[in-house]
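Below, chain A partners chain B and then partners chain C, in two separate complexes.
What follows is the complex of A and B.
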């Protein structure tokens, strides 16, 4: 079910806000969001300088239609919030969230700053990121601490590995329990789960486009909608991987057609051997010749709900892509006008 | 040690609105037949399905199965009114989300048991935790009433929209299964489920995949599972019964241990490469006892189906 505040987050680049060449050039990469980092990629001596850059960087990263997002420091939360809550900002990532009271405090500060600075109340979302064992233990309390927490996930990645004292790139899933706790909390609270199926990775590469596509595609097919990365090479593959392709859209229309037939039959489900169908002009099911799991398809209210969600998601993706294309075209047209 | 009448390996879901399914179910060999009033009954068919329950409660027993009724918690009054009658072993409450729902069901069952001459507190409740909220509140639900005797994830894969991962595992299921089995053990309930993998979906699978799911499921602690089709019953019964090889090993180890204890030979006994502790030997004894109870259950069901005299347990 799309959240009323849902903003697409298929792709996003996280970059140190103090590195001007990253911030200045990120807008034309096609990201759904750009995450300006004040935390781990900014050395302690530059934290104050980093804060001074946020307000003026928001329009820079917004130029290509990307949402402005930032990641603040766990231990400098109040000072950082004062520097980042400005018009144009839509989401603040709070790393290493461990207690509900941290999120409630953030909510109070953001609520005041939104009103002081002319931002529509409730605009800014909180990314309460679970990256420690304490955070896992308090996952439900954290996720339920503020309505600004709209998507929720974590319990894996660099910081979690460090907290548990384990190597991150081992080729199997080390975080089944913690990720399960966090995802169950998200789902129990009706938040968008920020998760992905496990795919083995022993290289730790952050710039491999094929891998980025495969991961995004697997995540989307598992029902997940949120990506993000560190290298420009992964942006386009993530946008593509998180967007339904034409065959899937046709399949969703086929499922809904079959469900409409089922609904008048007083049966609750039917199984269809898709290889027994003669291809017609209308929408048809996914090709099962490469994937025998797709041959016998059940049609029921669950499949219909998935199909409807997929079509809604495809529409949102298309709208978002158009929005970004138009924004980038506007910047380029303005630049051309300046040049002549 | 399980009694023979508590061997509940296969739980066949049969829509109470589907007369042909009710007719074929006794021959399936199911340990338990669940007459469904919940999601396998289309909305317009619900009143007729409820009306069909009393006769079906009687007729589906022909194969020696215990009979449960699956109800919809949003239609608790109507569904329980149809279900709570002499001959029903219990109800499966689908999509349970809170302890309050168990309290509501238990109060209604109290009254219906008393009105209809059932033994007080005889009707069991199987808690089907199919939603995120239900699983989140699993401990409170399991401990809300002594009527709750079993926990299952039911069709959580569909209710929670959990889809296959590239590995073939169904997303989040390994965590949810472990959580449910741990909760069940902690609260003394029977954990029901099987380790389904793609393309298994919503308790529906081929007989081969059902057997594999039951074997994997038994290995992580499940004791039986629900299923949708008659041809899934035999694989569930097989998969949740110790194999002949397991029983032979268990018997041999118990004999070796008994002989060693008899002779007073050693404080630690080795057999089959393992050092036997009393606890380990007890676990092997449970394997033998489970196999024996399963055999009695099979004999009981086959006698019931063929009209032979029912052997006394």
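What follows is the complex of A and C.
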């Protein structure tokens, strides 16, 4: 499952690039990525000014180890790309993607700009965001239009609600079909699906940390790995929710230990009553006292594959967290040196 | 903007239903000569269609006729007159069927002095093949403004025993709303009557069911009984509180723009361009619903004078 180009995207803040206090302060929030918005949060009169800010903002948002990401305007794609394809940019979000030819055109322009501006070919990913019914209807064509499309999702949110003429927070999953179509296209093409299971939400709050954690945790349990939001309060809960905790890591090691024992005994599976085990010093299964579903555990090749993926993901998360911690430590050390 | 929230369907052979159909405030009346008419009464129902259409439309409702799939040709011949809004074609599975019906309506328009292209063709899908080929079906005629899945017919075709606690049509309904919206056709809900309970449903139950349909993307709902119409009209009309909310959204967003940003917090949510665009849509829809209601009121008043006591 892990992709060689995989950039972790557990958390990320989207902010108007024209609001300097957001851009200047975002680096220490702990985001995996920072999405500088040229689109819906920027008034039409400021589009040109917004473009002029991108190149110099990349190192600002990079300071804490976050990836620099940009959201361009659907209708201003060519001019926006010219302003955002610079060294340090890793991903360009293209909103309201509806046809494969739009993505192929973006790929051509990005390929040329990478060459002209000294960026390793193929570095910059395209986020083809599905936000309309037409986009859902053409999901596979869009997702397969360029190898730069590495993750894929959408089919929910305010634009989608507008296109369908539905309200956003209605207590049931009004987007279930579109999200399913888009996820299926992503999975069929071996792209990282950008999706989340439905959890009822009638407040529409963008700053509730408990909700952010619960959503991220549920998303991870469903095999999704990508977060993102609008408010600094949701960054840490998303990082936590998308990262396996110590008990889950111990459980995964235990599963793999038990699976290896099967190879010795020449069996393909075994069911273990975890409450009959005596806790030892080594890895052990998740506590089933609060969750009866966890008491009788089946160990087989599928469960072993799940555990192996969890450990691989946990390792990527730990590496990424170390990267960000080191980057932030460097900034602080430099600031301390300046102060003395 | 086509406002067709409630579509009252009645058997064209039911004289009592026909006599009062115009008076229930439905946006449209569908005269059914398919499932609702016994074969022995089909000829009579066909012969009286022009009168029935005129009667059903007195209250300002659009009038459509649901034809029989095997006899759509003869049924259309009987139905088409200047007062007819369009034909509901059930059970289409191939684009050729739709194109044939489209061409036939074109011929009838020419023969009967109806402006070319005015007659609508509404699709009522009844089979898995119809749902699967929905995109090609809708693309086969520019007359199509509305498309529906007849859930009772689909259940029968698939061997589904309807159980109100299970919903077998999540996928089909979602596909309908997405594909129709993508091509600019209005999806219309035809909920299975067994799911709807029956006479014991309260106004609030009906309002909730219709509101849920609206929040999946449907633009109207086919009513199998007049007692559904007021709840359905209300569900598909933006409520006063929704209109108030979006008026405030527009104000907040305008102030934000003036202050140099296009994202502003409001009531714990974030208001940006798509929310403001949605606000414009809802306010326009509200105005269009009011205009439709006024037109029906005027027609009703005029019908009342003509048929009054």
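One rule holds for everything that comes next: the second predicted complex is superposed on the first by the 336 of 340 C-alpha atoms of A that agree within 3 Å, B and C clash if a C-alpha of one lies under 4 Å from a C-alpha of the other, contacts with A are read in each partner's own complex, and residues count from 1 in each chain.
We take it that contacts are C-beta pairs under 8 Å (C-beta built on N, C-alpha and C of every residue); 3 or more make two chains touch, one makes a residue touch a chain.
Because the structure is predicted, anything quoted here is derived from the model rather than measured.
Q: Does the superposition put A:176 against chain B (first), chain C (second), both, or neither?
A: Touch status of A:176: both partners.
Q: In the superposed arrangement, which partner chain does A:204 touch: chain B (first), chain C (second), both, or neither?
A: second
Q: Which partner does A:267 reach: the first (chain B), the second (chain C), both, or neither?
A: The answer is first: A:267 touches chain B but not chain C.
Q: Of the two partner chains, chain B (first) and chain C (second), which one does A:249 touch, if any: first, second, both, or neither?
A: Neither partner.
Q: Would you check which partner chain A:316 touches, where first means chain B only, second means chain C only, and both and neither mean what they say?
A: The answer is neither, since A:316 touches no partner chain.
Q: For A:187, select first, second, both or neither according to whether it touches chain B, chain C, the two together, or no partner.
A: first
Q: Could you tell me if A:221 is touching chain B, chain C, both of them or neither one (first, second, both, neither)?
A: A:221 contacts chain B only, not chain C.
Q: Determine, under the contact definition given at the top, whether A:16 touches first (chain B), second (chain C), both, or neither.
A: second
Q: Residue overlap on chain A between the chain B contact set and the chain C contact set?
A: 176-177, 180-181
Q: How about chain C: which of its residues touch chain A in the complex?
A: So the residues of chain C in touch with chain A come to 135, 170-171, 173-175, 177-182, 212, 214-217, 219, 242, 257, 260-263, 268-270, 272-275, 277-278, 281, 285.
Q: State the interface residues of chain A toward chain B in the complex, per the touch definition above.
A: Per the stated touch rule, the residues are 140, 176-177, 179-181, 183-185, 187-188, 197-199, 218, 221-223, 266-269, 271, 292-294, 296, 298, 300, 302, 305-306.
Q: Help me check something: in the complex, which residues belonging to chain A touch chain C?
A: The contact residues of chain A facing chain C are 16, 18-19, 39-43, 46, 132-134, 136-137, 157-159, 161-167, 170, 172, 174, 176-178, 180-181, 203-207, 230.
Q: Applying the document's contact rule, which stretches of chain B touch chain A when the two form their complex?
A: Against chain A, chain B makes touches at 15, 39-42, 44-45, 132-133, 135-136, 158-167, 171-172, 174-176, 178-179, 198-199, 201-202, 204.
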